[in-house]
Amino acid sequence: MSMISRRTFMMAATAMGALALAGSVAYAELPALAKKDTYKVGFAQTESNNPWRIAQTESMKAEAAKLGYQLVYTDAAGSAAKQVADVNSMIAQGVDVIFLAPREEKPLIPAVMAAKKAGIPVVLLDRNVDQSLAKAGEDYVTFIGSDFIDEGKRVAEWLAKNANGKSKIIELEGTTGSSPANDRKKGFDEAITAAGGFEIVASQTGDFARDKGRQVAEALLQAHPDADIVYAHNDEMAIGAIAAIEAAGKVPGKDILVLSIDGGKEAVQAVVDGKIAAVVECNPRFGPKAFETMARFAAGEKIEPWVINTDKFYDASNAAAELSSAY
Amino acid sequence: MTTIETSSPPAVRSSRVNAAKLLSRYGTFAAFIALLIFNLIVTPNFVSWQTLNVNLTQVATIVIVAVGMTLVIATGGIDLSVGSLMAIAGAAAPMIFMGQLLPIENMGILIILSFILPILLVMAFGWFNGFLVTRFSIQPIVATLVLFIAGRGLAQVATNGNLQVFKNPDFQFIAMGRIAGIPAQVVVMIIVAILAHCLIRYTVIGRQIIAVGGNEKAARLTGIPVRRVKTFVYVISGALAGLAGLIVVARNSASDANLVGLGMELDAIAAVAVGGSLLTGGRANILGTVLGAFVIQLVRYTLLANGVPDAAALIVKAGLIIVAVFIQQRADKA
Amino acid sequence: MLLTMQDISKAFSGVSALRSASLSIAEGEVMALVGQNGAGKSTLIKILTGVYQRDTGLIKFQDEDVVFATPSASQAKGIATIYQEINLAPQRSVAENIYLSREPRKFFGLLDRRAMREGAAAVLKTFNLDIDVDMPVAHFNAATRQMIAIARAVTQKAKLVIMDEPTSSLDEREVGILFDTIRTLKKNGVSVLFIGHRLDELYEICDRVTIMRDGQTVAQSAMQDMPKMELVRHMLGKELAAFEAIARDAGNDDSRPIRLSAEAVGSGVRVRDVSLTVREGEISGLAGLLGSGRTETARIVFGVDKLDKGKIRVDGKERSYSEPADAIADGIGLVSEDRKIDGIVPDMSIRENMTLALLPKLKKAGIVDRARQQEIVTRYIKALGVKCASPDQPIKELSGGNQQKVLLARWLCTDPRILIIDEPTRGIDIGAKAEILKLLRSLADEGLSVLMISSELEELLAAADRVTVLSDGRSVAVLKRNELSETALLSAMAHQVN
Amino acid sequence: MTSMLKTLSRPFVAKSSGDLARLGVLLALAGLILFGALRYDNFISPFNILSFLRYNSMFALIALGMAFVIITGGIDLSVGGVAAMASVVAAYLSLYGWFPGLAGGVLAGLVAGSINGVITTRLRIQPFIATLAMMLAAYGTALLLANNQSVSVSYDTAFTMIGQDDFLGFPIPGWIAGFAYVLGWIFLERHPAGRHVLAIGDGEATANLMGLKVERTLFAVYALSGVLAGLAGVILASQFGAGQPTEGVGWELFAIASVVVGGTLLTGGSGSVGATLAGALLLAMVFNILNFENGLGWISLSAYWQSVIRGVFLLIVVVLQAGLMKKTEA
């Protein structure tokens, strides 16, 4: 402690103090990024307890390795609060840029603001932060990713066209309280209500997990034998639901349509097999696009507020052809 | 030696005491029956073989783990590591039969090994729990906390967090197969429960488990190998957790080290508590534990089937645990 | 009268524990309260101190009708209790224990630690006790803890001090100090309710006596008006001869083979140098003041504690057991001193408690042979006269004497060759005491070697064929049958004390 | 009763066994800081230190409450859930100003803690079970109140200052935690009621016979743990700008581990406020160091290794402590 002069201590302290104000008043410019041969890059991951997150991390690591950048990787283990602390430790370590996959819209604002204050540009991946509190181009560089609400909407729109008279829906929600669960539910529910003629007979959480998804689907299929559509918020629960449907002596794809989001290889294979009717991709391979955006930003380019990661859509028409490119 | 005294007249017990005793003995059963009746009236399509099938297969793993937990709790301990041990066994089995670990070609042998080796592995971890508890006198809650934290990490490291997807009907027989029309995992559950019940009731080691939980010092002074008995229950708990882990991954055609057995320790402890074995040790009611697990499962099913949201279900579960334990203790004091 | 309790009754879940009990104590009086186990003494006290609530009856304290809802309520009125199991917080310091619940305070209600420390030291000094009051109570021996508990009562300015078997863990000298303290209390107008078993002590210190039996008060009188035999008769409800001498006449039969011998055994600080022998078919006594290392010696022999030095021989072969199981395998059994702590498994049935040590021999392929177990249990219940409703009754429901018989049976059914029995009659009423001693004698006659640890002189005098006396962790004397007398024992025990 | 018998029958506990363990945790903390300072750039930079304290003040508060509960021989598994619930309540009430937000969160914690207290003392249900149920109930309530999502706090009132601002150059959450620890220390070491908490942990039956108000004190201890968890919830809402019904998972284990590492035995009757703080900081420091280690880029430790390392770390500490206890007892 004695090595630190009183002045730097106080300066840092005031900087932290200013943080609170930064929440409502955007006053500083977006930090710039110098053009260098190599960078020290931070990647603050939310959690790594599902295949999608693991694929995302792998993609980031692979791309950093390819470019020869040093990657500081942290894992918040599902805690928004820890993720903010992780970002702070990256700031302390003096990284050049931070890729942040925010666990939630609101609680990560302090992390974004702290980085901005420290002059480190932040790029958001796969989830955005609350737009009323922080803005792309001002507080952070951009948001790369897809729209969870839109994903749910796309599923609903496909269903409206291809239901073939099926109408009673069981919805398997993601982990209660998580933003993809909320958004995928919101997008789907709104669009399906607008389409008319459908009824969501049951909607329960399956925790994004295969086992829980199966158990919940088993119970719901028993209680609602007339249900003929299962909409799962991710592949794992959809695959669990297929097992439940088969155990109940019904044929997935024929008696019951299964719809999913994420589009991993196993799910796309299920589409090919006719077990899943359709799946919206949510591409986890962020590496190339993330580092490309970073390079553009370093070159002084103006980055659009939302770099859209285009998501594919798989159904019987294209699944076989696209199978090899699924993650 | 002939001091025969007219023994005092049989104690007059008030009806309130009787009610409490009855409630504790048959309370869990009564709750089970009440739930059944409630479902018969309220839940749509409750009466069907498939409903029975669904509930039995879902409760199987909880029962298997909770039986091991009952033994540990009977010695006055607790095992928080069961969920992590399930993940370890669940991660190890596919590695074996998918040929990643052993240079063996014969599928039959691989399948057999993929049952034996993972369970031996988690038994070793169970032994480790017992070792910490007996050798270093570390409180069980702390000792098993170590593997609760690190165990799942080990499984994740081994699989690099990746999902292992497989299709192997032979291995998956334990979950998908049927024996005389009964799902294999249900058969396993029944066998485990009966064996454990007999172990506690009729075997020497079973009675020694109860004695150790009832009064450890006295047990040691009567020559009971206390350390060995305690280590034994952790090993058994580990083995049963491993078995449950294998069933879960077989059921899902996939092993996910991140999620297999997550939160299982709480379900198992709740089943033991609802089933009437107090956490203080000295008692092991296996049938009660089975019934406790059934009640918890049926509550879960009831809430799911009737569209009660997850959040409310948590509160119901909390109330259930408190009421069950309260009745148990009330009767115990009377 | 300071205290009057009238027609107190109390039932626990339908079973009546007190039926119309009464008790009265005058100011500055020492009242003895006696009765067998289960006579209702503890229940009466617990009602007085607010641990239990009476069902019916009247309590007057200082001419005021009172109902104490909690122990603290009774303490506030000036009733202090020193329970049998000494009620101090072991990890807290001496000073804290003395002042717990009414600590001296200074500003903001914070502890006045100096006042506490000095006050504690001062009050302990009046009892000639000079100890570090900052040390946790667990550091001190039972007698010191007893004095601390009394010091606590004194600082409470109690009007009535209840002492529940205060001398059970004290040696003669300490009893003397305690009695001096009681006299001081008396002089200051404090009344004492003294619950005890040792008759001589009662006659020495008490003014009056109240006798209870089966939940009722059966007699109350001045101490000097109550002859010993009369008192015992009231307690038991029948006449009882004093202990007959049941030791072998041809006492010092040194020709019998030695079964168990310890040679210069030592372990830790409690046992330094103990030698003793137990011959076939004899009752060998082990005597000594509290803390002389009797129990610890037994624990070493039985493999509970580690042997540091010396040799233990069983049937001439050198042995060093690391676990009791090893000793048991050699045919040794140990009935321990404290039934509750390391004797019974309270929730288990009589059957199970009795066969706990035998279990490994009762198995067929790991399974308990129920028929043989039943047969053995029935046999011993009958042989020892265990009073119980059924063998499946939980042992915690039995009286102390019957529990002791079950524990004795636990070892007898293993067919031991050596039985170590620590305080065989502690906490047991006089009738059962004589029974158990007789039983030990008949077992010895059948060839069993008994090592009997006892702090009761009459017990040793009545039953032992030979007595080894310990003092401060060393064996200081071996008295043969013909050398045994009260004075001989006392002088041997007093060795190194003066 | 049994706990008293247990302690009495263990005759000679060295006074210093706990002290040794406490010294150990301080040495380990110092060692870890030294290691970090030597190995990593900017490890002891004001920014890292202050943000470390700002974030970990929540855990320190929870560990303090847990220490009191464990000293009585109990346990409180509900702290994480209660903090989550309190953060939601605080977020809603922050619309009406910083004080309603603060008071509301603390009150929510008080209510939950009081229920724990009632269930353990009145219904005599073991703390493990009672607080396990409360954990479930608190998460359920938090999710119901929050309608399954994060609840934004008001940025118009001064509520966010509680978590994000500084006072005299030091984070306000740090002040709050520091203040709580000073009060906690005075209470435990210098106030009669604190000594009563220790005596009750030494043996409830004995304490009752000595005239201590056992039930009331136990109730107060659970209520206190609830209040501190509520306070942590307020900081959580304020520092991160949202009430988070799914946060707090595993906090109870962190708190228990902090208390254990701080040399307090789960059997109760002894314990130290200062060592608990050191224990909490020590465990938090492990996370911080792992983050910095990853930053060196030599080995990129996956999150999985982190949990293995945490487990091994806990193992080493408890085994060393067990060894220490044995040695001093002998």
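Here the chain labels run A, B, C and D in written order, and each chain numbers its own residues starting at 1.
Here is the rule we go by: a residue touches a chain if its C-beta (ideal position, glycine included) is under 8 Å from a C-beta of that chain, and two chains touch if they have at least 3 such contacts.
Worth saying up front: this structure is predicted, and the values here are computed from it rather than measured.
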Review point. Counting contact pairs per chain pair, which pair wins?
Key: A-D
Review point. Taking each chain's centre as the mean of its Cα atoms, which chain lies farthest from chain B?
Key: C
Study note, to complete from the structure: Separation of the C-alpha centres, chain C versus chain D, in whole Å, is 43
Exercise for review: Could you please state the distance in Å, as a whole number, between where the Cα atoms of chain B are centred and where those of chain D are centred?
Suggested key: 30
Check your understanding: Taking each chain's centre as its mean C-alpha position, how far apart are chain A and chain B in Å?
Key -> 36
Review point. Which chain D residues touch at least two other chains?
Key: 9, 143, 148, 302-304, 306-307
Point to revise | For chain C, residues contacting two or more additional chains | key: 341-342
Revision key, fill the gap. Shared-interface residues of chain B (touching two or more other chains) are 156, 160-161, 217, 309-311
Practice item. Pick one for the touching-chains graph, please: line, ring, star, complete, other. Key: other
Check your understanding: Between which chains is there touch?
Key -> A-B, A-D, B-C, B-D, C-D
Review point. Considering the complex alone, what residue numbers of chain C touch chain D?
Key: 49, 51, 70-72, 75-76, 81, 83, 85-92, 96-97, 100-103, 105, 109-111, 113, 135-136, 138-139, 152, 338, 340-342
Point to revise | Of all residues in chain B, those that touch chain D in their complex | key: 78, 132, 136-139, 141-143, 145-154, 156-157, 160-161, 217, 266, 269-270, 273, 278-280, 309-315, 317-319, 321-322, 325-326, 329
Check your understanding: Residues of chain A touching chain B in their complex?
Key -> 48-51, 54, 176, 202-205, 207, 209-212, 214-216, 218-220, 222-225, 236, 239-240, 243, 247-249, 266
Review point. Of all residues in chain D, which touch chain A in the complex?
Key: 40-48, 50-52, 54-56, 58, 143, 146, 148-150, 152, 155-156, 160-161, 164-166, 169-171, 236, 239-242, 244-247, 249, 287-288, 291-292, 294-295, 297, 300, 302-304, 306-307
Revision key, fill the gap. Touching chain D in the complex, chain A uses residues 1, 3-4, 8-10, 12-17, 19-20, 23-24, 40, 42, 45, 47-48, 61, 70-75, 77-82, 84-86, 88-95, 104-110, 114, 118, 130, 133, 175-179, 181-182
